[in-house]
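For reference, the structures are reproduced in the following blocks.
Paired with chain B in one complex and with chain C in the other, chain A is shared by the two complexes that follow.
For the complex of A and B:
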């Protein structure tokens, strides 16, 4: 890793320069919220954004993705190419970069997913520092910091960015497209002050003491029934979650019935059909069991395999849930007991 | 032999049948695969005595409809109910709330009850006969219609999504109407339309019916806590869902 400083006004140069070689994607305003979208004009890039509605996962694992086309007559696959054009994803907060690293464990682990891999390989990542909103709790999982998994990371020092360069590609791009200067001791001191301030700005840190053990101990806790009564089974939480990776696979025939396509679409464990199997059995009939399963998978199942919880504390689910069900509330209920809520 | 298909309309505004004619791009592909022996909207002939697939649009509002449907069920190998009217009773079913006889006068004037002889309280096709496939919505979604028709022609099961609309709405990155204090029925409405209305800036009116997975109790409770009283939620639901269970508080 090496470091540079860059004048804030130079961001437009960088975006314009990158646009000559890549598709540049970054946060843009949508009403009072933000989305990751293709940047047509550098002025649209809003690095002061809070949290996007959907996380960057949509660029690596789209909500609906064609996996292949097939012919009915001879059951042959006619096209299953995974193709991705080169692009730069601008403006990922630490939680979102950490979330991609958690996704990698799933899609690039034991069974490599060619679609995800093609997108991942074709995409450079530029992170940016943030300040916590009231729904953020990344500090509970240590995902408020990111040490790898990006090409460039920009820390906001007011009038300039403290630029951390992690990859050779990041260094080359910076060199080619924008003017930067070497860091001074003063820049480093200011960087540290900004980081300290960031850490202080969080609301009270979520107590996660002995969480996996408590999940085991409180499998039959009434808290799950209460949550089940409130949950709408709408699946919004899974869609907006940067670490939810479940999908359904569907085959649809073309109108002429001669060929068709297989696609995968985002799915949610909060739907009853998610656990339905052939001959109609559904393993998680009750809403309570489905809400519970979401937390057991994230805070226990994934942890037991990859030694991390499958949550980065981005707070998107908290914002999306009309029933006000949030990981913060669920974890607190387990750690402090139901009465404490 | 190509499967013989008929399209039958009961009480409706024929909107779904019009939608079917709007599938220009694919209509010829589909027509090449079937023997369309009767289409109420597009032909002047009579319903034949034998056919394989019946596509039924509209709500049941007369005794004659009930009779006709029973015959359809006996004749057709597969029945596809299309549109809100056929599946939830839709807009016609609003008339089933309250005293039916009182309503004739407002529509037909004096002597209305005689004109309206043989009328019964409106109900969906699905309340009279078992259907094999459903294409909900007001009007039907043409892509979904083609997918379902294709499944019927292939003899595959009639899968219909069971969950509420919000997930699809999130994938379109809409700002939730409830964040602005406006009521949107997507939180209990059956998904599958791709969150069309919501993405075009109009709150969902529930045309696809109540999702099997919907939690109406929770929806009523959370809306009340956000200042939307039960009567208002019920009133909005009644546009398409008067007869759906649990929508009457």
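For the complex of A and C:
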């Protein structure tokens, strides 16, 4: 990895330059909140954003996506080409970059997913540092730092950015589009000071001691029934989650009924029919069992395969939940006991 | 299948069904048909090999996909036989198909029965209802290598005599010395002169040498606990009792999440698990 410093005023040059070669997508204001959108004017880019409503997964795994076109008569695939145009995702926080790395394990591992891969291969990632809000708990999973998976990462030093360059492509683009200078010892010292301050700014660190074990040991804990009473099964937590990857597959016929499209759409384990088999039996009928399953899979199921938890502590589900259920509350109840909440 | 479709294209996308032509359809009962098919692409056919207990996704464009376990023996190269109960949209549409029609197949997927480890041992197979379909693949496979196995016992329970699947084959097996088959039904009719009651009742009639026996169980979810109890009473080891789970294996490749069972996915980690593994899967049994 090599490093540069860049004057903050130069960010517009970089975005404008990248726009000549790529579609540039970044955080923009939407009402009082933020969303990842195509950047038409560099002035719209809001690198001071707290978080976006939806995570960047929508650019790699869209809410609804065509998988293939088909012909009914001979049950044949007409087109299953995965296509993505070159683009830059500009302004990802460490949690969101780490979330993509967790998604990669599922979609790019065994049985590689050609649709996700096409989007992933066509997309460069530019990260940016952040400051924690009260719902952030990325430090509980060590996803407050990111060490690979990005092309360029910008750490805010006030009047300038400390630029970490991870890929050849990142280095070339930086060189081509913006003026930067070599780092000095003072820059590095200031970078360290910013990082220290960032780490200090978090709310109390979530205790995750022995969480995977406790999920089994306290499988019948009454906390799940309490949570089940409150949960509305709306699935919002899954939709806003940067690491929830479950999907349903649907065939949509054209009006002539002779051809159509097979699509996949986001799905959620919080919906009662999620686990239903052909003759109607579902394996998680109660809301309590579904709320529990979401945590059980994220903190143990995924971990048992990939040695990481399937959560990056972004806090989006806390904001989205209409019943005020938060991972902080759930994990604390399990680790410290219900009375600690 | 169009001439332009190549094996490379099929291999490049795990969601893309491989065209297969239906070669035979046998009506088994009112609800079940035995459908045999053959992959059309030659390279795909040669590449398609499976273990007893694995499943395929049957793909009918415009309707959807359904996971169905293979009931033929792995040794029957080039052909895939599925025992299909009319239960949902896809299986209902599949029941409408004729010989010669083209359908889509993805797979084989999942982990089947540990055939190589079972060799040299006695095998006790217990099936309830449609659960006989994946076990039939294993039974046929054992039959192919019969001299490699000790005693092979099949306990099979069905709701009533008209719902017994593969009856002809069973009658044939019944007359052979190398398989012991005991059947039971819940609701007998006037033609029935065999056992009546649950499949667990049949354990009184068999001798099991726990040191040299593997178990294989497949049936409705409610059956597992009781059959496992019987096998444990016969002192069989937990890690030699194998069960096959039915879950909603939608993608078949560990992505869509619908078949989650405990901390695993039935589609890639199962659907066959041994009882020790299954005990460690929350809400599995």
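The rule we apply is simple: the second predicted complex is superposed on the first by the 341 of 341 C-alpha atoms of A that agree within 3 Å, B and C clash if a C-alpha of one lies under 4 Å from a C-alpha of the other, contacts with A are read in each partner's own complex, and residues count from 1 in each chain.
Here is the rule we go by: a residue touches a chain if its C-beta (ideal position, glycine included) is under 8 Å from a C-beta of that chain, and two chains touch if they have at least 3 such contacts.
Note that the structure is predicted; figures quoted are calculated from it, not measured.
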- prompt: Touching A:275 in the superposition: chain B (first), chain C (second), both, neither?
  reply: second
Query: Is A:253 touching the first partner chain B, the second partner chain C, both, or neither of them?
result: both
- prompt: Taking the superposition as given, does A:194 touch the first partner, chain B, the second, chain C, both, or neither?
  reply: neither
Query: Now for A:118: first (chain B), second (chain C), both, or neither, which partner does it touch?
result: neither
Residue contacts with chain A in the superposition, chain B compared against chain C: C
Message: Taking the superposition on A as described, I'd like to know which of chain B and chain C A:32 touches: first, second, both or neither.
response: first
- prompt: So, A:84: does it touch chain B (first), chain C (second), both, or neither?
  reply: neither
- prompt: Given the touch rule stated above, what does A:106 touch, chain B (first), chain C (second), both, or neither?
  reply: second
- prompt: Is A:232 contacted by the first partner chain B, the second partner chain C, both or neither?
  reply: first
Query: What is the contact status of A:283 with respect to chain B (first) and chain C (second): first, second, both, or neither?
result: second
- request: Starting from the residues of chain A touching chain B, keep only those that also touch chain C in the other complex, and list them.
  value: 253, 257
Query: Once bound in the complex, which stretches of chain B touch chain A?
result: 26, 29-30, 32-33, 146-147, 150, 153-154, 161-167, 169-171, 173-176, 178, 187-188, 212-215, 217-219, 221-222
Message: With touch defined as at the start, can you tell me which chain A residues reach chain C in the complex?
response: 67-68, 70-72, 74-77, 80, 82, 106-107, 110-114, 216, 219, 245-251, 253, 257, 260, 262, 264, 267, 269, 274-279, 281, 283-284, 289, 293, 296-297, 300-301, 304
Statement: Touching chain A in the complex, chain C uses residues 1-2, 5, 9, 12-17, 19, 59-66, 85, 87-88, 91, 102-104, 221, 246-248, 250-251, 253-264, 268, 282-283
Query: If you look only at chain A, which of its residues touch chain B in the complex?
result: 30-33, 35, 53-54, 58, 63-64, 229-236, 238-240, 252-257, 266, 268, 270-273, 287, 320, 322-324
